[in-house]
Amino acid sequence: LGNFNGKLKKSNMTDAATNMRLKLPITCFILEIILIILFGTLVQYDYETDAKEWHNTSHQDYENDFYFRYPSFQDVHVMIFVGFGFLMTFLQRYGFGSVGFNFLIAAFSLQWATLMQGFFHGMHGGKIHIGVESMINADFCTGSVLISFGAVLGKTSPIQLLTMAIFEVTLFAVNEFILLSLLGTKDAGGSMTIHTFGAYFGLMVTRILYRPNLDKSKHRNSSVYHSDLFAMIGTVYLWMFWPSFNSAITAHGDDQHRTALNTYYSLAACTLATYGMSAITSHDGKLDMVHIQNAALAGGVAVGTAGEMMLTPFGSMIVGFMAGIISVLGFKFLSPILEDKLKIQDTCGIHNLHGMPGVLGAIVGAVTAALATTDVYGQGMADVFPAVADGSVNATKQGGIQALSLAITLGIAVLGGLIVGFVLKLPVFGTPPDTLCFEDSVYWEVSLMRPERDHRVQVHFIYISNHKHVCEIMCNICVIYVAVFIFLT
Amino acid sequence: LGNFNGKLKKSNMTDAATNMRLKLPITCFILEIILIILFGTLVQYDYETDAKEWHNTSHQDYENDFYFRYPSFQDVHVMIFVGFGFLMTFLQRYGFGSVGFNFLIAAFSLQWATLMQGFFHGMHGGKIHIGVESMINADFCTGSVLISFGAVLGKTSPIQLLTMAIFEVTLFAVNEFILLSLLGTKDAGGSMTIHTFGAYFGLMVTRILYRPNLDKSKHRNSSVYHSDLFAMIGTVYLWMFWPSFNSAITAHGDDQHRTALNTYYSLAACTLATYGMSAITSHDGKLDMVHIQNAALAGGVAVGTAGEMMLTPFGSMIVGFMAGIISVLGFKFLSPILEDKLKIQDTCGIHNLHGMPGVLGAIVGAVTAALATTDVYGQGMADVFPAVADGSVNATKQGGIQALSLAITLGIAVLGGLIVGFVLKLPVFGTPPDTLCFEDSVYWEVSLMRPERDHRVQVHFIYISNHKHVCEIMCNICVIYVAVFIFLT
Amino acid sequence: LGNFNGKLKKSNMTDAATNMRLKLPITCFILEIILIILFGTLVQYDYETDAKEWHNTSHQDYENDFYFRYPSFQDVHVMIFVGFGFLMTFLQRYGFGSVGFNFLIAAFSLQWATLMQGFFHGMHGGKIHIGVESMINADFCTGSVLISFGAVLGKTSPIQLLTMAIFEVTLFAVNEFILLSLLGTKDAGGSMTIHTFGAYFGLMVTRILYRPNLDKSKHRNSSVYHSDLFAMIGTVYLWMFWPSFNSAITAHGDDQHRTALNTYYSLAACTLATYGMSAITSHDGKLDMVHIQNAALAGGVAVGTAGEMMLTPFGSMIVGFMAGIISVLGFKFLSPILEDKLKIQDTCGIHNLHGMPGVLGAIVGAVTAALATTDVYGQGMADVFPAVADGSVNATKQGGIQALSLAITLGIAVLGGLIVGFVLKLPVFGTPPDTLCFEDSVYWEVSLMRPERDHRVQVHFIYISNHKHVCEIMCNICVIYVAVFIFLT
């Protein structure tokens, strides 16, 4: 039993290194107090949210942007907190960390994003004006951070994640400012700004945080039956609400309508491609939950840029179909290469769900923009391509701008990810040891047993939970012994 | 151990028959490519979705149908993917199949339904015009297929399900065309077109696919504690969003408002009836999760037709109350008869949730229509009963049309289900054997154990998972032996 | 084995006392029939829901209140049924009771609340007029009952809960009438009417129902890994949709917009405070799921009153931050005192989530109201403080009214809870014994085993499920014995 107790101490009692007793509270409190002070000095209601401003001019109530965007906002909000949060619960022993850290960094990021995005493109007379559109944009930026979280899931402390969020939100806002405000890029659903950026940023971070001995936690880096079902909750919510995501900040009217419709058909086509590819790439034709949970969503990523354009349902379905194929192939063939050759350990496979489909989406957007004609868009051109409509650029040039934007996004993401990765290597963040990755009990109280119970039981319990595979062998052998004994007598 | 290995081979390794390696990819790819080609040649944005068309005429943005229907659409979408998907996860070993096949056939059906419904009642100058209303209708049609899926759940291969969907969507569109376009039937929430049709179609299919030896999989045809909780996610989402389902395509204004309200009260009354009936029909007064998960929803089905009419909250509650009673009685007394005498093996009990309440809803709709007077409806008559408002039929005749529509629906559903059932019996679909129904590992990679682990452990594991009930006995005996031993010493 | 059978009989077979065979059906049916009769005699569609009334006057469809409030209503509906329902599934053996009884009492309460609220402030010519706003109000009142349910969770029979709901809904309507109609209090998100009322009412009920021997069920009064994940579904939905909750019945336009925004930032700030406090209050810096699941929501409660006012995002974040701190401290230090000294056994810790944050919210509302100036509100004053706008009271007095309202709410809640607690002590409600609290199998068929299986297995199974902790010890000992045996040989 001494041996057991030794193991128990080692694996259950928190090391000083990963102890969050002071680090996490101090980080949370300082960050929140800074946020509050900055909000106090910089942030104001916009004119549709402010009691005085709104009533100063003559409006009908239904003209308030709230009624155009709030239902979409709520769908986006569900994607951020339930979609991303539960998608990552597929790990057998990291459900608390998946939903819980997702919750923490999202709650921080949306506040910080309000400030950063406001600073870059929401200032009015020295003040940041906020309303439902800024809330959606803050959620979008948060989504980008959560994509990067997927790459480092299970291998980082909450402090590392908050630190990553601080930098990533900032760089996101810079990139978004360059694209949307300086260049006039169109990217309503964020194929570039959200997905490509978040994916390559996260991949670079996880590259720098490479753990050569991660296989010490290999037995926890997989799913069990119920954890896969929890993950499907995330998948299905992301899938259902992606039309709202892509259409949330497009222009009112036909634009929102069209974007939602394009995304709907892209996702449907992507799903069939995913099921087909999943069956064909396995040895015995069985579907793999990893593909279904992730690749079926690639269709939403891939129409993020072009969704608001006159892509047609036909075009959307082709794009979705391609995205599904690419994504499954990535999980099957590219991810092992990334891990073995490039030392990129991508827990959730974000390269396959957000990286490649994001790049595809950017290219589709560039091509679709280059092909835009007044014949097709009519007076709706002013909503979709204002610069083309007012003659300051032609469609081909708009396509070029879109392509350039992809390059800029990739550049900022890769460079930013590398730098932030090195920051996160500083030995002050309480990162988990290689033997305790993908394990909730490092940062969470996991209620195996009530403290008042018999101590011996608790020891056994913890022993069993840490050596589950050993216990299973023993238990099985035991069962067989008894069975043989019974069969003989 | 030789015996165990033999069993292992039989139950775990996929038979050639159920191997989906080529069948599923070929089916998915061919179907999707056909869909894409047909969308390319036939489908166009409608005038509220098209950039040029919408801006050609003078509108306010808030007049776009998107703002009237998109929130309802999203609620319906949640019902289709989360509601139906998770409702069926009650089976202990079929969670992946429930959510996963639901996902696959829904993604296919909504595309195919767009074409079929468009072909029958959405053609404009040779093109199918689509927008948010067609998306809702496609989801509705998909719902009907998922109802039928509930009857054959756990006993069919994904290819069978896709084949069923192809035919059922087509017949759904035919029936819908006859009812709504030819006869002028009112059925906004689909008591007839969706629920009655889907239920009796599915019951006929499962009748033809009757398995006399299904009791070989009996031990898996039941729930466990956590699977019942997952199923409650489905139930609650269906229950909450049913007001949106019934009101999604009614006329704007008071009609949507009234339909949602009627459905809300019908469901509330139904829930109390369900709890009461569940307690009274059990031996010891304990509530049965099967009833709560299903019968509490019957109130939504039963006001599917009359919900948009001036049914009054009073009428809605009476209908919901009756639906709950009928549904629980069906589960308790009728389902065993259907299975034993009529050889209808109805996995989810769709006859009790969709079949009988659907018929009740049709009858309630016919009676409510026959009683419609201008005194009650005023100028709102034009929205609810256009034919009565313009004098082409009187209310009594409208009632007759409604009753006739039920008969037609039943006829098409039963006949269609029989034929499709025979098609699905062709021995090319990779249907699971009687011994492996309600078992995910036939079509899904179920991650019991990583491949790199000790082979012997894997053998024991699979042995245990396939012979759980035997192991349980042994394990219990073992525990008792040790207990006795300890008590004695 | 005789001993086991004895225990089996005692714990599994329902006592006559807790048998619901007749009590529950009779209660449900009588209640529902009374509801239906009262609806038939008293309730009418309001003018936006009635076909004739709506078409009698000239409107645009988009002016119907349905489009202003229905999306918010659906979010509130999700909070009531999924949010509250799943939040309470954290108990390891009470998932059915949590979701299922939540469902039952919510379905009853929303009907009864329609009548009670209509009776007090919705009568028009002797009839109660209903529409989407009354539906939201009914859901709000239901929320209050569900808060109280949290205090008595696991220790009450469904009949007790329905009885509590009858009284609580009535008193809620009385309190709401005094506040909103008589005094002109503003409380759109219900910090007082919903949260403070529900919390202190529930705490008084559980005080009267104090069980000195509740520690006999102590081993079930805790969570397991998966039950905590189910609870997080509830938490996250409550968190996400709280902006809709607080803004659901505020005035159209800027008011709804502002309320949603304030709530969004309050919750975000609260979440960071919660994570920080959770880490600092534990011995080894590990996060406690109880805090995350509950305290992170306190920010929504605390801006329930002031959310519609010009609180500013800055103010909202300060309030949220304070609420998170208070709530975690409550869980850590106050709850044990309440239980040990005041004999208040509060299963879900509603005092920390709804009680204290509700009081905080009321105070914040009073202060914010007292500070209202025309300079800040402009003509929007008429929406937020009609009495101040028309000069019948000044802002300071409005603040005083708000403070008075808190006192009245506390008074009615405490007094009402005491009385209702005594009613619920009557020995006719089938309350569970101290040994079987927090246990689903008292009122639910828990499908451990199918009836057709070997009886002996069933006996062992039930034995094991009732004596899980004993079995665990034995099983562990057994494993270790075999392990030692193997190690030695």
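In order of appearance the chains are A, B and C, and numbering begins at 1 in each one.
The rule is short, and it goes like this: a residue touches a chain if its C-beta (ideal position, glycine included) is under 8 Å from a C-beta of that chain, and two chains touch if they have at least 3 such contacts.
All of these numbers come straight from a predicted model, not from anything done at the bench.
A.B. asks: For the two copies chain A and chain C, what is the rotation angle that overlays their Cα atoms, in steps of 5 degrees?
C.D. replies: An angle of 120 degrees brings one copy onto the other.
A.B. asks: Looking only at residue numbers at the chain A/chain B interface, is the share used by both copies over half or under half? Answer same or different.
C.D. replies: Interface between chain A and chain B is built from largely different residues.
A.B. asks: Hey, how far is the Cα centre of chain A from the one of chain B, in Å?
C.D. replies: That pair's centroid distance is 31 Å.
A.B. asks: Using the touch definition from the top, which residues of chain A touch two or more other chains?
C.D. replies: Each of 62, 67, 71, 226, 233, 475, 477-478 in chain A touches at least two other chains.
A.B. asks: Give the list of chain A residues in touch with chain B in this complex.
C.D. replies: Chain A reaches chain B through residues 62-63, 67-68, 71-72, 75, 218-219, 222-226, 228-229, 232-233, 236-237, 239-241, 243-244, 252-258, 260-261, 264-265, 267-269, 271-273, 275-277, 279-280, 282-289, 292, 296, 310, 312-314, 317-318, 321, 376-381, 383-384, 469, 472-473, 475-480, 482-483, 486.
A.B. asks: Inside the complex, what are the residues of chain C that reach chain B?
C.D. replies: Within the complex, chain C contacts chain B at residues 1, 13-14, 19-29, 31-32, 35-36, 39-40, 43-45, 48-56, 59, 61-62, 64-67, 70-71, 74, 77-78, 81-82, 85-86, 89, 95-96, 99-100, 103-104, 107-108, 110-111, 130-132, 135, 158, 226, 230, 233, 441, 443-447, 450, 452-454, 456-457, 460-461, 464, 471, 474-475, 477-478, 481.
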